[in-house]
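What follows is a group of structures, each given as structure tokens.
In what follows, chain A forms one complex with chain B and a second complex with chain C.
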Partner chain A sequence: MNVHVARSGPAKRLRADDGIAKGEQLLVVDNISLAFGGVKAITDISFDIAKGEIRAIIGPNGAGKTSMLNVINGFYHPQQGTITFRGQTRRRMRPHEAVAQGIARTFQNVALFHGMTTLDNIMTGRSVFMHQPLWWQAIWSGPALEEEIEHREAVEEIIDFLEIEHIRKTPVGSLPYGLQKRVELGRALAAEPALLLLDEPMAGMNLEEKEDMSRFILDVNQQYGTTIALIEHDMGVVMDLSDRVVVLDYGCKIGDGTPDEVRANQDVIDAYLGVPRD
Partner chain B sequence: MASSGRPPGDRPETFPQYLLWNGERFAARPAMRHKDFGIWQTWTWAQMRDEIRRYALGLATLGLKRGDKIAIVGFNRPRLYWSIAAAQALGAVPVPVYSDSVAEEMAYVLNHAEVRFAIAQDQEQVDKLLSMADQLTELHKIVYDETRGLKGYDHTNLHSIDGVQALGDNELAKNGDKFWREEIAKGKGSDLSIMLYTSGTTGKPKGVMLSFDNLVISAINGNEYDDLKENEVVLAYLPLAWVGDHVFSYAQAYTSGYCVCCPESTETIDVDRREIAPTYFFAPPRIFETMLTAILVRMEDAGPTKKRMFDTFMAHARKVGEAILNGEKVNLYDRLKYLIGEVLVYGPMKNRMGFTRLRVGYTAGEAIGPEIFRFFRSIGLNLKQLYGQTEASVYITAQPDGEIRADTVGRPSPGVEIRIDENGEVLYRSPGVFIGYFKNDEATHSTKTKEGWVHTGDAGFFDNEGHLKIIDRAKDVGKLNDGSLFAPKYIENKLKFFPDIKEVVAFGDGRDYCAVFLNIDLTAVGSWAERNNVSYASYQELAAHPRVYEMMEDHVAQVNRDLAQEELMAGSQIHRFLVLHKELDADDGELTRTQKVRRSFIAERYAPLIEALYDGSTEKHVETEVVFEDGRKGKIAATVKIRDMEVAPVGAAHKEAAE
Partner chain C sequence: MLNQIFVKPFVDMVSAPDFLLQVVWEGLVSGVLYALIALGFVLIYKSSRIFNFAQGIMVVFAALTLVGLHENGVPALLALPLTLVVMYLLAMAIERVVLRPLVNQPDIILFMATIGITLFLVGFGELIFGGENKVMITEQLGIPTGSYTFEPWGGLLILEQKDITAVIGAIVLVLALLLFLNRSKMGRAIRALGDDHQAALSVGISLSTIWVLVWFIAGIIALATGIVWGARAGVSFALEVIAYKALPVLMLGGLESVSGAIIGGLMIGILEKLFEIYWGQPLMGGNTETWFAFVLALFVLLFRPQGLFGERIIERV
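Our next item is the complex of A and B:
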């Protein structure tokens, strides 16, 4: 029996609890404005994300949804306004600091390392927790190997969770799109985020893949208690999954509330949802 | 010796009794492995005994009693196998259910079996059970294995196996394991051990009741026949509800003490088999067909050197491979050449399929194409045929080592008597013969005579060497209008050997000529399409492609030429064929859960297409209802083309093409 690899229990979680209770504000976006030269991408937007909820950001193309995620993520720096995450207000931040703080994301266009396997791609999500010096990692032994084994356990848990055992050793470039999206979700989960940003997780998927993905998003939210902000165009999915929805149009916020409230909001209907044909 | 499972003196009669014995005699030997989190996790017999003890005591705390029925729904997972043993230890009767059956099918079985407990693998199965909660009035508790997604459910009557085992730990700490030992000691060989619902090629599934004696004696006989000892390794990947899996992955494992390995998921079976390299392997012909297809497809894509090497050595293997395996006399040159082939081709290929350590392999369930069978034997795999039924605890006949024919199913297994009825039907009597069908005396009486003979429903005869030969289902063998013999399976198997063809349904009984439905194999034809610049958007489009039709025409013509050589079969050459617009699927009821064609159902469902085969039309528009994986229904419409075939000339006087 392989004693040295027998599992003693679930892999240990590496992030300390932040002491924020479920339902309290995890992230507050306050009067954010972002402009690229003369183009105003986001104008004076405020909303909050409560811990443990699924928050959707919707709106027509070019409304500023992805820009908003990039601001939260620290990739863009707003000219005005503040962002408070886990009680800490920040003004300027770089993306890798966001990961260290507990924000992870997936991308609208799959942004994986195509030549690497599923396993290796998800492993990269753990790099934020890897502290062994480069020379140990380079020769891949000693403490670096121990660290790798520890992280491999966490990654295997994610692989099991997302049901992608069969593609563990497959280069992601050769996988179908739906699976690549799932691998990307896996990589984001590997960073054990407190806040997970999903940029159109279901774009370009067929019905079955969408159903699977919805199930995984709900399970992530339920099992790991991860707060999720997602951008999505499939209204059926958005209304079913999310607890609250914020609606953007031309960089302005035009609606905010539960799916039912948003559906009934005349501004939102005019700008985005439209009216059902009779 | 004892290791084959024949116990000394006071012999165990039930599987839980075997479990206690194995926990001592094989305490440190592996009993079960499961690949989980990327690693093969192992339980020894002693560990497994302890796990099952905690589990059984927990189930008893929840109220499981002697005589209760307990449904088990899921893929091959150690804890589902433990559920069987835990239930049996308490005197309850496990009822494994096909996990891919849709809610209504499952509801029928669960209701009919009057189950009070259900063990479900995961959220999907729990949801299925909960969705029929109002129909399942008897169902009392649901216990699940995987917790994912089930956190938010109402847990009044829902428990995790972990939770149940924790209850068992409490019980164990309070009162020790006296209760467990007493309950196991109460078990007798004549007790009902398990109920297996037959997948039902016709009508509603029937619950076959098997006693411990049935299974234990059959398993021990099987172990001795093939010399199976505690060091065998098998892969458990076939449906739990199927008697084959129950005997190979449970009954024989408990009696001989060998190790059963559960794959990581349904998609990883091929990789897992390669890692485990089973020594004893069982598969229905379809699995071997799929493996062979995969190899042939890969070879099509291989470079010219490799392809030449493959072709040369495969030709050699066909020539001498089987003779070497059977221990016949083969000259030195051929042996040396075979040895080189072993190093260059056969060995790597066996490794690829996970058969490097294979000692005994069986195929059963359906007739295997002779060419497929010969392929595996020629590369040195001891693949044998077996003829069995749920009602017989599997074994009716099996082929002894060294006496292997592609077209027979072997001699009667140890302890089995066989006779052939006047109408050609095969009847058998053995210690494995079932008690009866649950709550269905009528069917029991029509299948099992007072003297204990069981009707198989298969037509067959013994050849000169005493080997049983099965022709077809007794009721399927028919006659064409001109009086010539029509055995549909015989024709279907010939066509199915072509890797491009996945499934075939032949018609002809009471008709003027034989005509067939073909199903293309998407893997093989898809790869061919890729290499030949044939573009397609769907299965349906590929199936209807003119070039695919041309290819199929070649195959059918080849089969006609073959049939023309055989006096008995020459009359049933294929006159017309069509390629079906959808894959035959168990979800639509066209195949059984064990992937056998349900002939009568197909005849009804595709009646317009069958008519079109015989009314001379060249195409036919059809709409077919399909069931998606989530149980919703939809329709697909297609215009299916029908091709006429030339009939190969026959020596015997036979009327030329009916067209």
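Our next item is the complex of A and C:
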């Protein structure tokens, strides 16, 4: 594909503004309980995510963090409780609808399309915006071509932003892990989410890669104004990045507040953080 | 003996080039069909990692529906779009009743589910259309039945018009599919879905929409195959086996590769015909076409385990 991309300012943003001011509630999780048969994954958890903030979800392994993310993005349906996103309380929803509403995510174990290039992977993130009819798409002309070019611009912008120009045409399966994580972030960004869910974005990375990823997360938050909810085990990163932290243990919420508040919470220290050695 | 294997066939080929051409043509016609069916398999495999055992019975079902509708007084040119509607409904039913409840099950379970679909369609088809053989409504569909005769190098070459139609029709279908797969966002979505269901869902690709679509395309392919093969061999449940002729094509071409299916199909079609005429009949009493393709495919797999064109994904561990 040889599309000439005109570099004239940022690509058009497609997501309509929702009128929620920075700092107001973007997502409210209210009394959510989730069980698989007899196993209770999440019990009666409530918290909110404010627009524009970076919200961390921490806790020991098996605490229900990923389950919580899966509930928010529609993979799991809780038995009890409600989720309100952008002021709308949600009924049973399917995951592909979540992204249309503005919730994008990455996965704990990288879930990229391994046979496809970086560019194509990120392009799939635009699926939600591509509406031109099939016949135009099939003959590669008319409105569908314009649409494709427009989305290409947006994707190139993301590629620039994440500094992955050099691997645009590389099949992602052959990329090192740190870069795969970055491509996955790019794919989620391509959907122009209002809320971005990151499941252990720094797992398995070395220090340098972690620093890069932290910088990208902050940049996404500041430049695009994207609200971010992230699960992470590296406490240094969590405390530096996040505005507020919610702590889970055995499916229950045991702490919620600013990093400093959480650090001082005795329950959290007992369950997860431990006592500093000195 | 060695002479008969290594020398005589080639001497025969050179001494009667017109006959060679005829053999290659016949092989090409079968090959185009094999390629078409293989594409049906590839498409469904790419989008869902399901090996669709029911592809063969879908050929029979489509052909029976077409002929059955015509027998009941529907004009041929109306029966064709109606059959397409039936195939679309079938795709929707399969997605709703079989595939959707089995999401996230191991691939082998889905494979066995397609065997279930096969058995169901056999019974259902017999119930509605009866078990007796039918004749494909070739003429009513406007497919010419005459033949062209050429005399290259003073010999004789006969091209049947319905074979020519079949080849042209198949080429058009294949090209349309290629455009669709490579150029549309649906194509990208299909590839994405095959790679990782969860990730595809999370970027907003709807599993059910894509599945209905690919099964419908498989249905269109089944109908095209049913018309062409039915015109040659009559419409009966025996048509089902034609689908299994595409298996060696898939072994050769790789389950994920569209170009592999096309080139593999043509290769097998032509090579099995050549082998049958020049080696099979004089040396082994013929009927080698039933097994030659498998032997060829196995031979290729010895040297290229991923098939000739299969994706070789390098996994970092």
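In the analysis below, the second predicted complex is superposed on the first by the 271 of 278 C-alpha atoms of A that agree within 3 Å, B and C clash if a C-alpha of one lies under 4 Å from a C-alpha of the other, contacts with A are read in each partner's own complex, and residues count from 1 in each chain.
Going forward, a contact is a pair of C-beta atoms (placed from the backbone, for glycine too) under 8 Å apart; a residue touches a chain by one contact, two chains touch by 3 or more.
Keep in mind that this is a model prediction, so the values were computed, not measured.
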Superposition on chain A - do chain B and chain C clash or fit: fit
Broader residue contact with chain A after superposition on the shared chain, chain B or chain C: C
Touching partner for A:E208 - first (chain B), second (chain C), both, neither: first
First (chain B), second (chain C), both or neither touched by A:V128: second
Degrees between the directions from chain A toward chain B and toward chain C, using C-alpha centres, nearest 10: 90
Partner chain(s) touched by A:E146 [first = chain B, second = chain C, both, neither]: neither
Which of chain B and chain C A:D219 touches, first, second, both or neither: first
Contacts of A:R168 with chain B and chain C, given as first, second, both or neither: first
Which of chain B and chain C A:R105 touches, first, second, both or neither: second
Which superposed partner A:E157 touches (first chain B, second chain C, both, neither): first
CA minimum distance (chain B, chain C), superposed complexes, angstrom: 14
Touching residues on chain C, where the partner in the complex is chain A: 176, 179-180, 183-186, 188-189, 191-192, 195-196, 198-207, 256, 311, 313-316
Sites on chain A touched by chain C in the complex: 73, 75, 94-96, 98-100, 104-105, 107, 111-116, 120, 123-125, 127-128, 130, 134, 137-140, 144, 148, 171, 173-177, 187-188, 190-191
Chain A-facing residues of chain B, complex: 30, 36-42, 44, 148-149, 151-152, 264-265, 267-268, 271, 629-630
Contact set on chain A toward chain B in their complex: 1-2, 5-7, 152-153, 156-157, 159-161, 163, 165-166, 168, 208, 211, 215, 218-219, 222-223
